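The structures come next, written out as structure tokens.
You will see chain A twice below: alongside chain B first, and alongside chain C after that.
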Partner chain A sequence: MQRYLRLFMLLCKIGLMRQMAYRPHFFLMISGKVIRMLLLLLFFQAVFLKVDRLGQWTFDQVLLLFATFHLVDYIMSITFQRNLSYHLPALIQSGNLDSRITLPIHPLFMASLENIDMMDFISFIPCLGLLGYALHRLNYAFTWVQALMYGLLIVNALAFLFAIVLIIATVSFWTTQSAGLARVFDDLTRVGRYPLDIFESFWKFFFIYILPLALISQVPSQALLGALSPGLLLYALAATGLLLFIALRFWSMGLKTYTSTSS
Partner chain B sequence: MPLPPTASTPPATVSARNLSKTFWFHEKEPGLTGALKALLRARKKVVKAVQSIDFNVNAGELVGFIGPNGAGKTTTLKMLAGILCPSSGTVDVLGHVPYRREKEFLRKIALVAGQRNRLFWDLPAEEYFHFCRVVYEIPDERYAAAKKRLVEMADIGDILTVPQRKLSAGQRKRCELVAALLHDPRVIFLDEPTNALDVLNARKLREFIRAKARDGLHGIILTSHNMAEIGEVCDRLVIIHGGRIVFNGDLASLYERFLPRKQIRILFDGPWTRDALAQLGSLLRTDAHEALLEVEAPAAARAAALICSRFSIRDITITEMPLERIIESIYAQPHR
Partner chain C sequence: MMRKALLIFRLAFMERTAYRVNFMLQVAGGILSILIVVFLWLAVYRSSGRSELGGYTLAEMITYLLGAGLINSFLLTTAENPETSQAIQDGTLSNLLLQPFNPYWVWLLRDLAGKLFLGVIGLAGYAIVAFLLREELVLAPDPLRLVFFGAALTVAVLLQFLTFESLSLLAFWVENTSGFRFTMRVIMEVAGGAIIPLSFFPALVQKIFALLPFPYLVYFPMRIYLNKIELAEVLPDLIRAAVWAAGLAGLNAVLWKRGLRRYTAMGD
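Our next item is the complex of A and B:
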């Protein structure tokens, strides 16, 4: 475990060094990330100039939901998302996966974390600030149980997303390409940014129980606000556990069929 | 066919039994119509890349694994290195089943393959070497010594701080080699390691791997299309053709089995006749003062003695047939 932690820190350092290898790109990227975050906030405020509620959610609660979504989204972007969605299919296609799976570390570790995107870390910090601001506006009374539950459900959300991304990426062992599916996933996860109350009852049910995108930000936010039912909590953990199990089995199957390329 | 180990022979470092690998792919006809046809109704084609091969490699052995393009060399190496799962048969490397890719197994092997890129493209090689140190948990002192020795061997001291994308293919290859060998693997699979290297660096690498094998601790399998290289460094040859092993033995037995002939080069110091020489063997080349004669290997010494007694000779040399000739004749044979 300690070795993997050390390796992760090293990959973070390498990620930062890679970004800094191209100076103009580095400064442009920082500006781009800040502008992207500001635009999202502007859009969000514009919506609430017209309406004071989205379903049952007040502006401050939606701000919490928004901050939670981006917290999860940025952790995913910094770590596994691009690695699995885009980098892994390229490694499979070129055969460069050979040199990754012959390293004495878990192949999924390298496949998920080889390129740590430290640029997104820059957006991650204001995201934490936004979370603090949302809690401040909500006059949030801190309780350990709710905070721990929130933390646990953030981890749960990441595990859930990891499982979906992994399943999509694993398809490329057979198809060599899965970028199209990965883009569908990118668009779909954006649903998690909004309160599901904005959807009609069928779609609300669908996004909670069938394709539970509610797990990304709604469930953790509800837990922090003390509004999560024990049933939904158990369902969230069970659904993630099951999906993760399926994803890992699927990954093993995919790796077994890996045919590499000729020299 | 490899022999089972006896009391005097150590257990094999690498052992393959009835090893086979079958691939399938979708055939595509040329052109847009072909692509459309393949998209709508793909035709599956099965290729038996490796078919029931058996061989051993012992510690201290440097085995040349050769064959024409598409013969199954790289597929076999990848099965031995744990990258590919065999379709059938068994393989054992240092007591491990490669495909399980156990940590202990992966720490003891290295695969240096063709045009693969393992180094960080935007960063200097030094960063990847450090990454290897952490991944393989190489103690500091051992790492420093191994790096010094390998950097010297590969002659990359002056490019250690240059990003990979700025290096030539040969320079990158040398960096890859150092990265692959830093953890001192017990079994090394080298797939065309000198490809893209200049003459001097290729020689240095050959000397290095030769010395590695001689210490008796390492088993090395080398593929190459450079027959001079194979002949120079390998103790034993395994020739694979059409996915099957057609020869497994040392160079002497290869000559004996496939081309038991030798060449005699004669430089004359006086008059000579073609007819007299032609009675001894096949004349390959002649000019005013020189002739190249090919004879059956057992008759070579007698033929040379006869030539020396009949003509005035300035110089005479007996050589084996070039290895390429033998390999060409094997590759030209139809395979099943």
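Our next item is the complex of A and C:
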């Protein structure tokens, strides 16, 4: 365990060194990402200039939802998202995966964490500020239990996303590419930015139970606001557990078919 | 000359079609995003209980979102002119300079071909969405407005190319221009009106945006289409957009000339 932790720190360092090679570029990309988040915020503000509630959600609550979505989204993009979605298919296609699976560490560790995105790590800090601001506007009106649940459900959201991204990436063992599919999923996860109250009843049901994108930010936010039913909590945990199990099985199946051919 | 230009255009177009599946998926992703936004606005109008927000009825709003999304899909989404900057950085510009055709025009033609391709695919995708929402749309206005709409789009295409090209040409001086282009795209999308009509923003923000050329990219053509601007005001605005384009073209010419003098054909 400690070895993996050391390895992770090392990967962070390498990532920082690689991305800081072009220093002006590094800071420009970060400011671009921060500006993008601020402009999105401006967009929500513009919406709430016209209405005071979206479904059941007030502006402050939407702010929490928005910050939570970006918190999860950033952690995902700092760590496993691009590694699995874009890097792994390239490794499979070129046959370079060989050099990774012969290392004395778990192959999934290397496949999902090889390139740590330090650019996103730095853009992540203002996002934490935004979360702090949202909590401040909500007057910190939550109990310890609710805060704990919030943390737990964020971990749950990350596990859920990890499972889906892993499943999509694993497809590339057979097709040698899945970048297009990964991109569609990227677009789809944006549903998590908005309160699901915006959808008609069918689609609301769909995004909570069938393709539970609600797990990304809606469920954690509701937990913090004390508006989560125990049933939905159980469902969120169970759905993630099941999906993670399937994803890991699928991954081992894919790894077995890997033939290390290169072009 | 014309034949050469057409050939470059055709080749670039064919190159694009080689990766059809990826583009299809990209368009599918774009449609999903637009549907989500349409749902969002349906909910906003529902919860506001009003029939008009920011000067837009629900039908006008949905038309705006689809139109802006379509313009966005070929104007902004994948077009950041990376080729120029890449050729300067890796030295392949040397090869291009030896050819009997100015590389700058090649890049312009290739950019236009890319936009046409994305436009065709985008049109196919949006046709499906528009059909689903056909009850909610504002249909074509009078022919004169359509002509102006087309003219505004043409200027927008050039304006967009010239903006990114001036950043891409900076590669003569700096090592990596993608940070500039990324930041520009982010600002352009919002300030251009690709996300929502600019009239929804606070007054101060609107004033700042109006100082930039970006509102001519999406907001202006859509306002022409949706009857949100008097016909008499269209022409002066169109001229203003053209002046912006001419100014940027001048800047491009200077950058290109000075840059070439600095160019050292460094590469690997």
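In the analysis below, the second predicted complex is superposed on the first by the 259 of 263 C-alpha atoms of A that agree within 3 Å, B and C clash if a C-alpha of one lies under 4 Å from a C-alpha of the other, contacts with A are read in each partner's own complex, and residues count from 1 in each chain.
Definition applied: a residue touches a chain if its C-beta (ideal position, glycine included) is under 8 Å from a C-beta of that chain, and two chains touch if they have at least 3 such contacts.
Given the structure is predicted, the values throughout are model-derived calculations rather than measurements.
*Asks:* A:Leu10 contacts which: chain B (first), chain C (second), both, neither?
*Replies:* In the superposition, A:Leu10 contacts chain B only.
*Asks:* Output check: A:Pro107 vs chain B and chain C. Expected answer is one of first, second, both, neither. What do you get?
*Replies:* In the superposition, A:Pro107 touches chain B alone.
*Asks:* Scan A:Thr175 for contacts with chain B and chain C and give back first, second, both or neither.
*Replies:* It touches nothing on chain B or chain C.
*Asks:* Per the contact definition in the header, classify A:Ser252: touching chain B only (first), chain C only (second), both, or neither.
*Replies:* Neither: A:Ser252 stays clear of chain B and chain C.
*Asks:* Based on the superposed arrangement, let me know which partner A:Tyr194 touches: chain B (first), chain C (second), both, or neither?
*Replies:* Touch partner of A:Tyr194: chain C, not chain B.
*Asks:* Using the touch definition from the top, say if A:Gly55 reaches chain B (first), chain C (second), both or neither.
*Replies:* In the superposed model, A:Gly55 contacts chain C only, not chain B.
*Asks:* Of the two partner chains, chain B (first) and chain C (second), which one does A:Asn96 touch, if any: first, second, both, or neither?
*Replies:* In the superposed model, A:Asn96 contacts chain B only, not chain C.
*Asks:* State whether A:Arg183 touches chain B only (first), chain C only (second), both chains, or neither.
*Replies:* Touch partner of A:Arg183: chain C, not chain B.
*Asks:* Of the two partners chain B and chain C, indicate the one touching more residues belonging to chain A.
*Replies:* Answer, by number of touched residues of chain A: C.
*Asks:* Go through the superposed model and pick first if A:Arg18 touches only chain B, second if only chain C, both, or neither.
*Replies:* After superposing on A, A:Arg18 lies in contact with chain B but is clear of chain C.
*Asks:* So which bits of chain A does chain B touch that chain C touches too?
*Replies:* Dual-contact residues (chain A): 22.
*Asks:* So in the complex, which bits of chain B are touching chain A?
*Replies:* Contact set of chain B toward chain A: 23, 70, 74, 78, 81-85, 101, 103-104, 106-107, 109-111, 113-118, 120, 122-123, 127, 130-131, 134-137, 163, 191-192.
*Asks:* Quick one: in the complex, what on chain A touches chain C?
*Replies:* Contacts found on chain A: 22, 24-29, 31-33, 35-36, 39, 42-43, 45-47, 49-51, 53-55, 179-181, 183-184, 186-188, 190-191, 194, 197-200, 203.
*Asks:* Which residues of chain C touch chain A in the complex?
*Replies:* Residues 21-22, 24-26, 28-30, 32-33, 36, 39-40, 42-44, 47-48, 53-54, 174-176, 178-180, 182-183, 186-187, 189-190, 195-196, 200-202, 205 of chain C touch chain A in their complex.
*Asks:* Within the complex, which stretch of chain A touches chain B?
*Replies:* 3, 6-7, 10, 14, 17-18, 21-22, 94-96, 98-105, 107, 256, 258-260, 262-263
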